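Structure record follows, encoded as structure tokens.
Chain naming follows the written order as A, B and C, and within any one chain the residues start at number 1.
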Amino acid sequence: MAFDHVSFRYPRARANALDDVSFQLAAGTSLGIVGESGSGKTTILQILLGLRAATAGTMLFDGTPLDPRSRRQMRAVRRRVQPVFQDPYSSLDPRQRVGRIVAEPVISLGLERGRAQVEERARAALSDVGLDADAGDRYPAEFSGGQRQRIAIARALVTGPEVLVADEPVSALDVATRIEVLELLRRLQATRGLTVVMVSHDISAVAALCPETLVLKDGHVVEHGPTLELVREPREAYTRRLIDAIPRLPSEVT
Amino acid sequence: MSTARPRRRLPATLVLGIVLLSLAAGLALLSLVWLPFELSDTSGGRLEGPSARHLLGTDTFGRDLFSWTMVGTRIALLIGAGAATIALVLGLAVGLLAAFAPGWLDDATSSFLDVLIAFPTLLLAMLVVAVRSPSTTSALLSIGIASSAVVARLSRILAKRVLNEQFVTAARTSGTSWPRIVLVHLLPNMWQTLVVNIALLFGIAVITEAGLSYLGLGVPPPNASLGRLLQEAQATVLSAPLGAIAPGVVIVVIVLGANMLADGLRAHFDPALARNR
Amino acid sequence: MSALVTAEALVTVADLGIATRGDAVVQLVRGVSFAVAEGERLGVVGESGSGKTITALAITGLLPGAMTVTGSIDLAGTQVVGAPEGRLRPVRGRDVAMVFQEPLTALDPLMRVGRQVAEPLRRHRHLRGAALDGAVRAALEEVALPSDERILRAFPHELSGGQRQRIALAMALACNPRLLIADEPTTALDVTVQAEILDLVARVVAERRMALLFVTHDIGVIVRVATRLIVMRGGEIVEEGPADEVIRHPRHPYTRTLVDGARLLDRALDRGHLGGGGISS
């Protein structure tokens, strides 16, 4: 996937939310997008997911420009690019059973015929994220935040996508649960060759999964490179501020 | 809210509401198959008191009060339910459209609805009836339309709230079409609040119908209506109070039942609210 | 449980128990005892469901009605458990003030921010007119907010998360409380803003010599703010001690899990991956 000089402006806004953003995403590599609120990272996400169209520039998928208004194109893309959202309490419909929630992409994109096959896909996805088969019969309210995030990940996996676009997937979770979910994503990267695009304001979570990071400020890309390098020797003052702000633990006394 | 359900006891208000409404409904249903006297029967003496033949006595025209009350109940429930349905369908449609409409249209609709809601239902209903002549259909339509503004405003807010949830965005990225999203995600998350309000609206509709009939704008003779019974009994209320008490009690039972049903449903759907008194 | 009950203890919590009332009785907090001395900075660490927030709320007497509270909470001489609202009201603000996680819910959305800061100042310090204006500006300056008209006349939703939290802090400080309780005040904020707010809280607390009770699930955060720690799990205290000690040499297995987890994430920054076989549980 690639962004080619993409800009975006909200209707009636005074300035661009995104300004001339370009980057490329190769299959199998994962990218972190880091910035504060208002930096434009959410907008990038929405364009990646086809929820909004760039007002200037093009987004490319497999070399072809993507037009979110083309239903046919979007259906094909949606099978391959799936989201994981930030808030595990808001991203699952409280009135649906988990099995139905996870199966929704399969149903809406017409990937399987027959109820049994659809259910089987959902069950497989749930087991891939470490949840029991009978989780499908329960409602989201019966699960913890970390488990709900797993359900959301299962829903993202059910179409067999190549790219997972994650919006602050662990920010709303406790430290221990954060690690579980990050390890799950890590495992999926390894076993399925999944490309993960992770948007966050928390560089530690990004560092755990993405070898490459993009730093966004006020809609511009200010820095882009291997994550470790960025953390050790940030070139921009803004990046340094982001890194210094991370609460670090006192070193262990051996 | 918890959906792992050990069978919870139904709230008392809910049960009571259902009981009261069932009583009224029972009377209404009975009137379909059996009436002690035909409505046109004026054989009883004028303004007689209760007796074995006339359970509630007779009115100024010698008609059996009990029979008239039964039919009046039937009309009241019919119009109440009919108007509530019209209000629901119309209001929900307008509310959903407004929620999906572009900003300026949404704001305009919202302001328009606010103006409508500022008027008492009875007044609005009277305006609509004035356009047509009084009839059962007029009463139904007028009350239904007058009540739909409240439903529209509520639906709009509920729809917008659900549309803001991440699971709707997730549905879009799952490739779900908008009509399906409305059916599968929006409505199921809205219906409980709507139902509670419709129950209340039903009570208001019954009162409005009685009011219209009292003013002579409701269902015309020879159809019975509780409101008109009240109006006719006005002149003789001191000498023959039953003529006013009977229809009055029925109205109270229906409206009280509707209100308790609404309250009970709310408590049942969201027990957390009920506990935090 | 060891309780640091010294003569200068500002708050002494003894054998606190909190349970829900009604059909399903759930014991949320059990046998919790600890003390906060004047000017001390105590951190309460635990995951969601550990009972840390509800314990903090209990100290202010702000628990939702459907709860049964047992035990004792002595706040600067006032017994909070079972106290009627009338006895608690003067205590709030004067002895204890609280800053919450989500300032959007703690601030009145329909009142301009300047007025919201003025309210507690007017009520507790009995200030009016020009003196009140001066106090409001001073309050804003203390939390490093520009005291210009734009901020004073803004509504909460017009400000950024960090600014809102500063306002909430200014309001809490207005009555010069002896104890400031902060419940996850930075969790909803960006990382850079988080650091600023933490430094602000630490500075203000030191300058005014207030005691601080800081509740959070983030170990990295607590280390910057607290000198002593209490670790809670499932409604009970499982470990307590000086912050540095507890982090470097956790004794209870649960504490060890928490610290290990935090370290894994911390190290990911240096290593570029999570490393290890996960956390010991």
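Keep this in mind: a contact is a pair of C-beta atoms (placed from the backbone, for glycine too) under 8 Å apart; a residue touches a chain by one contact, two chains touch by 3 or more.
Values in this document were obtained by computation on a predicted structure and should not be read as measured data.
**Q** Among the chains in this structure, which pair is joined by the largest number of C-beta pairs in contact?
**A** So the pair of chains linked by the most contacts is A-C.
**Q** Among all other chains, pick the one whose mean CA position is farthest from the mean CA position of subunit A.
**A** The most remote chain is B.
**Q** In angstrom, rounded to a whole number, how far apart do the mean CA points of subunit A and subunit C lie?
**A** That pair's centroid distance is 32 Å.
**Q** Per the centroid of Cα atoms for each chain, what is the distance between subunit B and subunit C, given in Å?
**A** Inter-chain centre distance comes to 50 Å.
**Q** Using the touch rule from the top, collect the residues of subunit B that touch subunit A in their complex.
**A** 1-4, 165-167, 169-177, 180, 184-185, 188-189
**Q** In the complex formed with subunit B, which residues of subunit A make contact?
**A** Residues 49-51, 74-75, 78-79, 82-83, 85-87, 90-96, 101, 104-105, 108-109, 138-139, 141-142, 152, 155.
**Q** What part of subunit C is in contact with subunit A in the complex they form?
**A** Touching subunit A from subunit C are residues 47-48, 160-161, 190-195, 198, 217-221, 223-224, 244, 247-248, 257-259, 261-266, 268-274, 278-279, 281.
**Q** How about subunit A: which of its residues touch subunit C in the complex?
**A** It is residues 36-37, 145, 174-180, 182-183, 186, 201-205, 207-208, 211, 227-228, 231, 241-250, 252-253 of subunit A that touch subunit C.
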